[in-house]
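Paired with chain B in one complex and with chain C in the other, chain A is shared by the two complexes that follow.
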Partner chain A sequence: MPVPGLQIAKRQLNFYYILDISGSMSTNGRIQALNQSVRQSIPKMVEAAKSSPNAELIVHAVTFGSDAKWHIYPGVPIESFVWQDVSASGTTTMGAALNLVCDDLENNMPSRSLPPVLVLVSDGHPTDSFDKSLSRLVNSPWGRKSVRIGIGMGPKAEVDWGTMERFMFDMDVAPLHAANSADLANYIRWASTVAVAASSTGYSGAEESAPAHLGAPPIPPTVIDFGDVF
Partner chain B sequence: MELLNTRLWDEKNSKSRNTNEAYILKNELGSGTQGTVYKIEDCEGQELAFKAYPQLYLDQDSNIEKRIRELAENGSPHHAFLWPIQWLKLTDGQRTFMGYTMPLRGSEYIPSTDFVNGTRPLEFRTVITAAKNLADAFFHLHTQGLCYKDISFGNFFFNPQNGDCIICDIDNICYSGEGGGVLGTPGFMAPEIVTGNARPCAGTDLHSLAVLIFYMFYIHHPLDGKQETAIRIMDDIARRKIYGTDALYIFHPTNKTNCPDPGTQSAPLIMDEILPKRLKDTFKKAFVNGLKNRDHRVVESEWRIVLDHIEKNLAHCSNCGQEVFIDKYYPASTYQCWNCKKEQYPITLSAGAEKIMLSPGVSIQDEYGRKIGTIVRHPADPKIIGLRNETDIIWLITKPDGEGQRVPRGKSVVVGPGVVIMVNDYKMVIDQFK
Partner chain C sequence: MTLSIASRVRIYAQSVVGNTHVHRNIPNQDSHAVFIDDVNDGQWIVAIADGHGSNIHHLSNIGSSLAVQACLQEIQKFKSKIIGSNLVTDNYSIDDIKDQLAPLIVERWRALAEHDFNERRFQGLSDDPGNIPLHVFYGTTLAFAFRFNSDIILGSIGDTDGFWRSTSGLNRHHSLLGESIIDVGEETYSMCQKNATNYFKFNSIPASISGTMILATDGVKKSLSGEHAIDQLLDYYHHMCESDPESISGDLQAQLTALTTEGSGDDCTAIIIHLPEDPSHKEEITTSDKVKGETTYFHSSGDENKGIDLHDQQTATSKKKSPLLPDQLILVLVISIVNMVTVLTLNHMGPDFKRVAQDIAKLPASLTLKAQSCIRAAMKPQNIQERRPSGNLNYQSYPENQKREPVTQLR
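Presenting the complex of A and B:
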C-alpha cells in the first residue's frame, strides 16, 4: 500500500528552445522541418524526464524573426507540452531572444534548481547585438552554469559558426551542423534528451576524463538516410 | 524507419548471406549514448535483443569486443543479468552494426525509476525481494572476480508483482580493478571515484549497491541532506562536494549537519519512522564506517541476511492494512502501526514447530518445503488478508466459531486468530503472536 505523503525530492530543470524563424528559414522546407523536429522530440523528452526521477522538466520556447517573442511561456511541464507550429519571416534578432531568456533566468528561477538547458537552432547571422546579450548570459549565475547546445542549420557556409561557438562557451562539444532535416531531427532529439540527462544526473564519462566536468557526450551518428536538402 | 525489417547477416560468414542464417531487424527498443538496442529475429524465428554500438563509442573503448566476447564465453553469473550471448558484426551489404545479442527483457519488468517516481507504489515485501535479488546477482558477479562499475537505477528493472530483477547494460563489466569503460553514474559513484582517487572495482560497486538499496527504501539519496538543499544550482562542482569531498550520511549518528531538510526532503524523514532498526543499522554501517573506507562496506551476503531478517518480521496491520516492520517480536510484545497508531499483536501461522508472521506476499510451504499458498489482500478490502490455496487439494477450514469451510484451488481463506486449516493431514493454525 502506498505510504501517505511519500514523494521523491525534485529540482526544476528549465529547458529553453531558442528558435530562428527569420525569413531565410522559410526556404527549402526548413521551418516545416524545424516544427516537425521539435514535435518529434517530445516523446523522447518525456522518457528522459521519467528516467531522471529527481528532475521536474519544464519546457519554454522563444522564437526570433523581426522581433523575439515567447512562443511557450511560462514554461510547461514536459508531460503537458504541446508544440504549435511557427512560421518564418523577417530578420534575425537572436540577441533579443537571448535577452528574453536572460530575463527569465534572472527573475523567475526557483531557489533550488538544476542547470538550465538552452538549445539554439539557427540558419544564419544575427542582425542585432547578440554579443551584448551573450555577455549578459555569461555573467548571470544561471546562464553561466547552463548546458548550451547550438545547432546550425542549412549549408555550412551560411551558418554563423563564430556566434554558435561563442554561445557554447565552456561546453566540451562543438556546435552541431544539421545539413538536412534528418540531421536536425536527430540533433534536436539528442539535445533534448542527452542535455537533459547531463543537467539532471551530471556527467558520467570515460575514465580518461575528469569526473568533475560537465561535458556533453558524443553525438550519435545519423542513422537515417541522407537525401533531403533545405 | 527504413531500417526496419532489414535482412542482416554476419559479416564474417559470407555464406550466411545466401543461406537462411540471416537476422531480421524488427524494431528499435531504445537508444542512449552507449548504443541502440534493436529487437532482432534469428533464422530459427527466435527473438533476441541486439545492442549496436556507434563507431564513436567503439573508437573510445577499443577493448569492448574482447570484453564482451569473454563475458559471452564465460556465461552469466546470475539469471538477473541480460548477459551477452554472442558478439556480432552484422551487415546489410551497405552498413555494418557491431554489438552483441542478449535475451529480451520481458514486458512485465518496469524501470526502477517508475517506482522511485511514485508512479508505481509497491508493497514493502516486493521492495525487499527486489533488493535481495540485486544482492544475489552482485554476490555472484563479484565472487567471480568481476565488477559492474555502473550500478544505478537506470540499469535495473523489476517485476512489480514479485520483485524479480533484470540488470542490463553489462557493457562495462570486467575483472575488478581493470581499466576501461565508465566511471559510473554521478550520485552512485563511490566518494573515492568522485574525488578522482580511485577507479571502479568491486569495492566501489558495494557503495553504489548500498545507494541503490537506500533509494529503494527511502525514495531518496543517502547523502542528500541540508548540504544539498543549500545548493542553488546543482551542477557537477556541487555534486563533487556532496558525493565526494564533503560526503556525509544524512542520518549520521553524531554529526547532524547534513540531516534531511523537512521542507524539501520529507521522504527520508517519513521512511525513517517506518523502517526497522536492523536495516537502519546496516545503512549506518554502509554510509558512516563504509563511506570512505571500502573494506568496511556492506557486502552482499550481509545484505542478504539483513533483508531476510526484516522480511520475516514484516507484519500486517488489520486496522488500516499497512505493512509494519517489527523490530522486536520476541519475547512476545505488541507493536504499534506507524500509520494508524493502533497497538496490536502480529497475526501468525503455526505449523509444526514453525511460526510465520503473516502479511501480503508471504509464501507458505508444507512440511516438505513445497509451496502451497500465498497471503493475498482481499480484492474488495485491502485491509483484509487471506491465504490463497495454490494446491489441487481442497483445504478444510474450521472457523473460530466451529463452522467448517472448504477452500478449492485459487480461492482464499481470510486469516484471523482461531482459524484452523487442514491440507490433508497437515495442520496450520492462525494465531496472534502472544
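Presenting the complex of A and C:
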C-alpha cells in the first residue's frame, strides 16, 4: 500500500490575464467585447484543465488603466472562476501591471509549478516604463519560462506591436491581432486553452539548448467576421 | 587500506511511466541502473536519469539510458584506476572526485550518443542533425551515488535529487543535491549542454551512518506537496526496509503510480538505498543459495513497472582476504631488500657485527615470506581480475515503447 496520508499535490498552472482597461478601450464596444470574451473562455479553460489532469489551473487577472491593480487575486481554481466585468478609463499603465505579475511570480510561485501563462490584451501604447518591467520579467526564473501571448485589439495602426513583440520574446508565435469581437473571442479562447495545454505537457528542457517555453500549437484561422470592427 | 562494506545494504529501484505520457502515448523518459560488485567487496553504484522529452530532445529516452550506462562505466573505471595506481584514496576530496569524474561521464555519454546517432543514420532512422549538436537530441539529467572509501558520494546534473533520513530520524535532508536557480518549471541543467561538467553538483555522506536515502527523478519531487511529504516518504520506506523489506518493490511501484496519477503526471523513478544500523564492515558477504558465487543479473521479468529487490538476489559469498595493494607490496619489498643488504654488510664487517646481523636477519625472514606471499597473490589471475570493474548490473530503461526493455549487460 502506498504511504498512508501522503500529501500528494498536482502541479499548479498559474494563468494571468493582463488586461487593458484604459480610456481607449471604451470606444467601439472594446471593453464589452473583452468582458464577453474572457467570460466565454471559461468553459474552454475548464475543458483544457480536465485534459491536463495533473495540473491545477489557477486564474489571476490584473487590469491596467490609470493604475494597475489586481482584479482577481489571489488566483482562483478555474472551477470556481467567475468573471466580474471591468470598465474602461484612464491611461495605459502596462508596465505597472507587469510589475504586479512579477511580484507574484517572484514571491508566491511554488518551485514545482508548471510554467505560468501570461495573456496580455491591449489596444494601445504603454504610458509608463513598460520595458523596465519587461526586463524584470525576462530576468526572473519564472518569467523567462512563462508562456506569453499578446493580443492587440482595435485598428492595427493603434496597437504598439513593438511592445507586443518584446513581451513575446522567444515565443514561437507572433502577437495576435483582433480586429473585431469575434477575433478577440477566438484568440482569447485559443490563448487560454492551448497555452494551458502547452504549459502542462510535463516535458523538460536543457537550460541552453532548448527553448525556455514549449511553444504553442498553430493559431486557428480567423473565423469569418460577424463581429464589430473595433 | 581495506575496502570494507556495510554487508546488508539494501537497494530497491522502480520506475513508472508518467500519467501525462500514458495519455499521450509517450514512452518513459527515465532510466536507472544498479551495479553491485560482488567481487570487489560488494561495492555498489546506482544511477538514475530523466530524459527531457520535449521535441528538440526527441531521443532523450535513449539519452537517459546512455547516461546511466556512461555513468556506471566511468565510475567503475575511476574507482579501479585509483585503487590500481597506489593513490591514497582517503586524501581524495569531493572536489577531486568531481573534477575527475564529471568530465569522464560527460565525454563517455557524448561518445555513446554519437555512436547511437551514427547507427540511426546508417539505418535510415535519423536525418542529418543540421546545425543542432546531435547531443541535444539525447538531452537528459543524471544523478548517481556510489560507495567510495568511507563515504557515499552523490553527484548529479539537473533536477534529479536525493532525500535522506538517519535511523534516528534526527538527521534529515530534503535535497541532497540541491536545487539550482533554474530548476523551476520544466527547465534544468542537462548532459547535452556545452559546458555540462560545470553544472555537476557533488555531495557526500559518511557510509558509516545508518539510514535511508531515496534518489528520485523530478516527477517524484514535483508530486510531493513539500518537505513534510518527503519526510513521510522517507519514514515509511525506512521503517519498511527494517520491518518488511520483501514488500518494498511492489509497494514502491504502487506508490510511484499514485504519485504520477494524483501528482505531477511525469515519469516517476526512485532508488531506495537502506544503510543498516549496524554496519559491521564485514569482509564476508552473505548470499542466497541460488546466486552464491555466481555473477548475477537482475531482470525486470518484462513486467512493466516491476522493480528489483537487490538484497535478496545480489549478495554473494566472498571469503577472500583483502588483496595487498601495490603500495604496500612495494614497501614490503623495499624493507626486505634493505634488511638483506644490511645483514650482508654487517657479516662482512667482522665477527663483532655478526650477532647484530643475526638479529636483523630474523626480521627480513618474516618480511620476505610476507613479500613472497604478496607477490604470489598479486600474480594470480583471479586477483588481477579483482582489480577490474566487475560484478552485477541491473540496467533498465524504456526506450522505444512503454514496455520495459530487456536488461542490458555492461562489463
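We adopt the following convention: the second predicted complex is superposed on the first by the 205 of 230 C-alpha atoms of A that agree within 3 Å, B and C clash if a C-alpha of one lies under 4 Å from a C-alpha of the other, contacts with A are read in each partner's own complex, and residues count from 1 in each chain.
Just so we're on the same page, a residue touches a chain if its C-beta (ideal position, glycine included) is under 8 Å from a C-beta of that chain, and two chains touch if they have at least 3 such contacts.
A quick note: this is a predicted structure, and the numbers were derived from the prediction, not measured.
Trainee: Between chain B and chain C, whom does A:Pro43 touch in the aligned arrangement: first, second, both, or neither?
Mentor: neither
Trainee: Of the two partner chains, chain B (first) and chain C (second), which one does A:Pro77 touch, if any: first, second, both, or neither?
Mentor: A:Pro77 sits against neither chain B nor chain C.
Trainee: Just checking: does A:Pro155 make contact with chain B only, chain C only, both, or neither of them? Give me first, second, both or neither.
Mentor: Neither partner.
Trainee: With the two complexes superposed on chain A, say which partner A:Val194 touches: chain B (first), chain C (second), both, or neither.
Mentor: A:Val194 contacts chain B only, not chain C.
Trainee: With both complexes superposed on chain A, which partner does A:Pro2 reach: first (chain B), second (chain C), both or neither?
Mentor: The answer is both, since A:Pro2 touches chain B and chain C.
Trainee: Does any part of chain A touch chain B in one structure and chain C in the other, and if so which residues?
Mentor: The answer is residues 1-9, 11, 52-53, 111-115, 141-142, 145, 201-207, 210-212, 214 of chain A.
Trainee: For chain C, which residues are in contact with chain A within the complex?
Mentor: Touch list, chain C to chain A: 18-21, 23-24, 50, 52-57, 132-133, 136, 139, 141, 159, 179, 181-190, 192-194, 199, 218-219, 221-226, 228-229, 232-233, 236, 251, 254-255, 258-260, 262-266.
Trainee: In the complex, go through chain A and note every residue touching chain B.
Mentor: 1-9, 11, 50-53, 111-115, 141-142, 145, 194, 201-207, 210-214, 217-221, 223-225
Trainee: So in the complex, the part of chain B that touches chain A is made up of which residues?
Mentor: Per the stated touch rule, the residues are 1-3, 31, 33, 36, 54-57, 60-61, 111, 113-114, 116-118, 121, 123, 150, 153-154, 179-187, 189, 193-194, 196, 199, 219-220, 224, 229, 231-237, 239-240, 264-267, 270-271, 274, 321-323, 339, 382.
Trainee: Touching residues of chain A toward chain C in the complex: what are they?
Mentor: Going through chain A, the ones touching chain C are 1-11, 52-55, 109, 111-115, 141-142, 145, 200-212, 214.
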